[in-house]
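Next up, some structures in structure tokens.
Next, two complexes with chain A in common: one pairs it with chain B, the other with chain C.
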Partner chain A sequence: MVQPAAGSSRRRGDPVPALQRVKPNREGGWGLLMVSPYLLHFIVFVAGPLVASLYFSLSDYDMLNPPRWQGFGNYERLVGDPLFWKSLGNTLYFAVLFVPLQTFLALLLALALNQRLKGLKLFRMAHFIPVISSWTVILYVADAIFNPRFGMANEWLTRVGLQPQNWLQDERLAIPLLVFIAVWKGIGYIMVIYLAGLQNVPNDLYEAAEIDGAGAFRKFRFVTVPMISPTTFLVVVMSTITTFQAFEQIFVMTGRGDFASAGSPNNSTLVLMLHLYREGFTFMRMGYASALAWVLFIVLFLLTMAQMKVQKKWVHYE
Partner chain B sequence: MKRNAGPKTGLLLWMSLMLAAAGCSNGNNDATPDSQPSQSAGAASATSAPPSPSAEPAEILLGFYSGGASDDKMKELIDRFTEQHPHITVKTQSAPYGQFFQKLDTQIAAGEAPDVWLSDGVYVMKYAERGAIKDLTAWIDRDLNKDDYYGLDFNKDSQGKYWGVPQGIQVGVLFYNKDLFDKAEVAYPTDDWTWEDLKATAAKLTVDAGGKTAVEAGFDAGKVNQFGLTFFSITEGWFSVMKSYGGGVLDSSGQKSVISSPENKQAFEWMVDGMKRGILTDPVDLKSFQSAMSVFPSGSAAMRIGIYARVLAANEAGMNYDVALLPKGPSGQRAAPVIANSWVINQKSSDAKAQAAWEWIKYWATQDEVQKEWTALGEAVPVKKSVANSEVFLKANDKPANRQAFLDSLEFAQTLDVNAVWEEWVGKFNESAQRAFLEDASIDDALSEADKNVQQVLDGFYKK
Partner chain C sequence: MKHRRFARFVGYLLITISALAMVVPFVSALMNSLKTYKEFTAVPPKWVPDVFRWANYSEVLQQGNFGQFTWNSLIVSLLSVVGALVSCSMVGYAFARLNFPMKKPLFVMVLGTMMIPPMVILIPHFIIFQKLHMLDTLTPLWIIEWLAQPFGIFLMRQAYLTIPKEYEESAKLEGCNPFQTYRRIFIPMSLPTLATLAIFTFMAKWNEILLPVIYLTSNEKYTLPVGILSLAGQWFGNEQQMVAAALLSLIPILIVFLFAEKYFVQNHTASGIK
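Our next item is the complex of A and B:
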């Protein structure tokens, strides 16, 4: 027993002298040199485009001709653009429905799948399959249900004597339906995060609670919820960012082979990213699209800051 | 000391490299404004005389969108071109439609676009009015006999300048499914139909889930299984109806909306009534199909307005169909939508490259062999009249039998009020039209809303 332990400790010690042989006059210099490949990448692919997009947002830029500086014209235009406000409203509406619903349902699902069940892995896997499917695949599955002419949903509705709906073609139903589908697709991922969180809750807390006479609900309310609140916080921040970046789903599901009509009906599913895409790449107003991107960034930044502030009130760190 | 200098110099080297890299890209950005002509300058310099032909060696980049069979044929034709023009080397850049144009726009921005490219007909003005392509008027005047070709005028702007030479032409006609007509024992469309005649026949061909037609009592317009006419967006939808009713979207300058007119209202009444009665597909009906294009080939509609390229899908589906002229409006006026997908030349190409690119365009348009081989692919109506009017295009044994209808339609063909902001105003118009089609708005409200929004789009570009 002694022999291998000594050997392994020597091996563990080996790199230290090697590192000590290198003695740069300033540690920072070496550090910079070592991260320079990353730094180069950062400057060329992150900082550069960032500065460029800021410049574009202050210019009139149609992509085909060089940008012409025009100050805050794009931002002024943005304030008076009804579609910007509509798309911001749609995005917020999407987020307000999506984030709580997905978080809550994912937690329920994680609790259900945190038990000792037969075929547990199968259940967990089944819920993860939509996560790894592409939106195009999801579109076809959802279409089998919500197609206004051939879908199952309308068949069921008419069977129980209700009016068939136009679903995605209905201004009132479009966003709630998109949220429903997004939750269905995204829930598996959040569930996995929650499962990890749940497994980190020490069992002795539950035992202590039981001794104090807590039932299942009280254990959940006073042990589980506070203990996994950092996970919940992570999930909420992540989902909020995801909804603000939502593009592919809406582009694919409301466009359906005619991408010019994405965001229909009557712009009721036009979200910020889709508006940005249309302005920049279809209508060739890259300057304005850049301004939209910066506003999107600011909105997200403020939202995340607010979430960080509020978290002190409800997130419990050990 | 010396030992320490190593890493320090290394670091400096790295830093300066990074700065150089960053500096370089800035340098390029700064250089672009000078080398790239502004909108007005581009138009001005473009009117200068074409460089005279020369045998100077030149390498050109040729861009086109395509897929499968057309890609192979294009490469074959390019090989033959370089054989005939040994001093010209051709590099190609091709991609499926969507990717091609996305890449193209970024390439133009970077000054790396092809010297000559195939532009969708509806995008020619987008590039022309932004100074990205050359004015070809002088070249066309010099080298092409305009009477020999179809569609040169489809790329002419309101000032009479030509911006491209058609690669192939798409013109709209009325497609009809003979089997569905025969089954309903209804006479085939004739060339003197009006839109009202069409609707009356279409009603007999509209069948609901219970097997009743739109002319029978108890017909359920909410559960149509087979539509009389499928109807989609501008080209294969509202444009020709509005035009043949005497209305339209833009005036001849392309900068003013003329949407609020009694003629347009009349055309809309025809459309909205047809949708309400389930005879025409409305926007919700269309979305329930895999694509708006699949309604007719799948046999779910008896008729469609279709451009020539739709022949491919119909033939692939093995349909028993034919085509006829599009119906007339109430006062006998006709209008067929037309798109001339065209070769255009990069504004920034050097004279030698532009000259070589022009050689390619001439080769494409003038040589019978090229025209014939391209026609055989069946994607477009050929540009050269002699080829279009020959057996190569009119193929007696192939469907549709009445291919002459495409050529006859060119007599009253109208471009889709194409201008620099075409895609955007079409989107705005569609939004309002959809509200009328789904009866969320009255026709008057929808038209005045469209008028306002379309004018706003136009002003946003032209009155800056």
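Our next item is the complex of A and C:
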């Protein structure tokens, strides 16, 4: 294509400059057209629902009749709802066990793998099988081990002379075991994230530390830990968020497809999302369920903010 | 040097134990799926059945709605994948390469949407689909994927940011409009990222439980993970077949995983850099 020379005379209405004048607008038009799927998504499925959900949370709404405004009634009820406090406590308990345990073990495995072990790919694949499985698959796989009647775990316990356990049907054991299974399922994913983080640590830092006479532990403590702290931060924030929203694993592992028994035994595994689900979709108390959702949102938001604040003290960015 | 060899030994030991802990339960489940009901419920349990009862698998395939569940899962997953590829690549391209009004605030909204917990908007979504008479159909499960999910937008945008400007300019010179540039140049240049997006969408949709549980009521509409759970009542006294059904539902994901392992891992690296 030949561009007209800078000084060449043009007649008015010459198509070339006209096109050039319109171009930015045109690009803007194309841009808007091409982001329109997301625009629609945002308006219909995000902004609208957010407003609606806030309104429902301030109303009495059973889905059959139109919502009736009632101010903060749902939130007042929530404060006096023992199951809300129980589910909040269970969720926190789950998170407090799950997040540190998974983060620590995943880092440990990543460190082991990062020594250029042979068969890395095979090891990595083995750790990914639980990651790619649905919770339904996990239910029957975990059952092979932890079924109180015919699982292998009780068989092993009795063989070494210990008492067989009721596992998920035991109020005290249910959440720790659910955490254990969740760590087992998710650890491959976190391990791979850590592995990427470890491979980004420049080797000369280790060499410099070695020259200064640092042993393996000091190298880990003063080189590895600070260098991968951004990854750790990402992992901790991400797992906290997913833990607070945990529904599928509790629903499947404790309910086995039956709503009435999800959260069993005796509500000892009732987490916030399950309580929300029950209130909204079983009892049709959509207003109250929306209030629960907002409280959950706010708790999560505050928690994330707190993590953001604390990160300045321990996360090192280059 | 001795130190390093010891560290490697500990590494091998640790990772081997861990890998066994990953695989052994799956093998146990596989053994369970090949037992007779009597062996399945035997106390003390027998790890390996006397005879492998493969009939458990063929019976699952013939009985109940298992075939229907599989079909439903396939429809939902595949339609979601196509929708995510089309919409996220297009929106991601616009955010990476085009100038348009409100671009900045819109992109902030994309990132903001990622942080909104799904449960806050779950109930309004349910009501929207109720008003559209789409409850108890598969549509709500995949239609949103056609409207560009934030994670996919972000993934594609990051990929398109790295493509040099020259490609775009030469396309412009040849008279391509932005959409043609996107279709002819950017799509072919982003195939690995598209593969990652496809695999992740497929896996998420194939394994999804929350949304099918909320939107579907009739048994013949269920997707696999929910459908298999619903069989528990029907197959009372034949629970070893539930195990077989669950393991069958893992096969498609497993096949994708075996052939495309690097894409599963790649995504995590990308999200780690974020």
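The criterion applied here is as follows: the second predicted complex is superposed on the first by the 280 of 318 C-alpha atoms of A that agree within 3 Å, B and C clash if a C-alpha of one lies under 4 Å from a C-alpha of the other, contacts with A are read in each partner's own complex, and residues count from 1 in each chain.
Everything that follows uses one rule, which is that a contact is a pair of C-beta atoms (placed from the backbone, for glycine too) under 8 Å apart; a residue touches a chain by one contact, two chains touch by 3 or more.
Keep in mind that what you see is a predicted model, and the values were worked out from it rather than measured.
Judged by the touch definition given at the top, the superposed model places A:149 against both chain B and chain C.
Look at A:65: by the touch rule set out above, it reaches chain B but stays clear of chain C. Looking at the shared chain after the overlay, A:32 reaches both chain B and chain C.
When the two structures are aligned on the shared chain, A:89 is found in touch with neither chain B nor chain C.
In the superposition on chain A, no contact is made by A:202 with either chain B or chain C. In the superposition on chain A, A:169 makes contact with chain B only, not with chain C.
Shared-chain residue A:265: touches chain B; no touch with chain C. Chain A has more of its residues touched by C than by the other of chain B and chain C. In the superposition on chain A, A:256 makes contact with both chain B and chain C.
Once the two complexes are laid over each other on the shared chain, residue contacts for A:40 go to chain B and to chain C alike. When the two complexes are laid over each other on chain A, chain A has residues 24, 29-30, 32-33, 39-40, 44, 48, 52, 63, 149-151, 256-258, 281 in contact with both chain B and chain C. Within the complex, the chain A residues that touch chain C are 1, 24, 26-35, 37-42, 44-46, 48-50, 52-53, 56, 63, 108-109, 111-113, 115, 117, 121-130, 132-137, 139-145, 149-152, 155, 158, 184, 187-189, 192-193, 196-197, 216, 231, 234, 241, 244-245, 247-248, 251-252, 256-258, 273, 276-277, 280-281, 286, 289-290, 293-294, 296-297, 300, 304. Chain C meets chain A in the complex at residues 3, 7-8, 10-12, 14-16, 18-19, 21-23, 25-26, 28-29, 31-32, 40-45, 47, 87, 90-91, 93-95, 98-101, 103, 106, 109-110, 113, 115-128, 130, 144, 146-149, 153, 173, 177-179, 182, 203, 206-210, 213-214, 224-226, 228-230, 232, 242-243, 246-247, 249-250, 253-254, 257-258, 261, 264-265, 268-269, 271-274. The residues of chain A lying in touch with chain B in their complex are 24-25, 29-30, 32-33, 36, 39-40, 43-44, 48, 52, 60, 62-66, 147-151, 164, 166, 168-169, 171, 256-258, 260-261, 264-267, 278, 281-284. Interface residues of chain B facing chain A in the complex, by the touch rule stated above, are 4, 7-8, 10-11, 14-15, 17-18, 21-22, 25, 29, 32-33, 36, 38-39, 102, 105-106, 108-109, 126-127, 130-132, 222, 233, 283-285, 287-288, 290-293, 421, 423-424, 426-427, 430-431, 434-435, 438, 440, 464.
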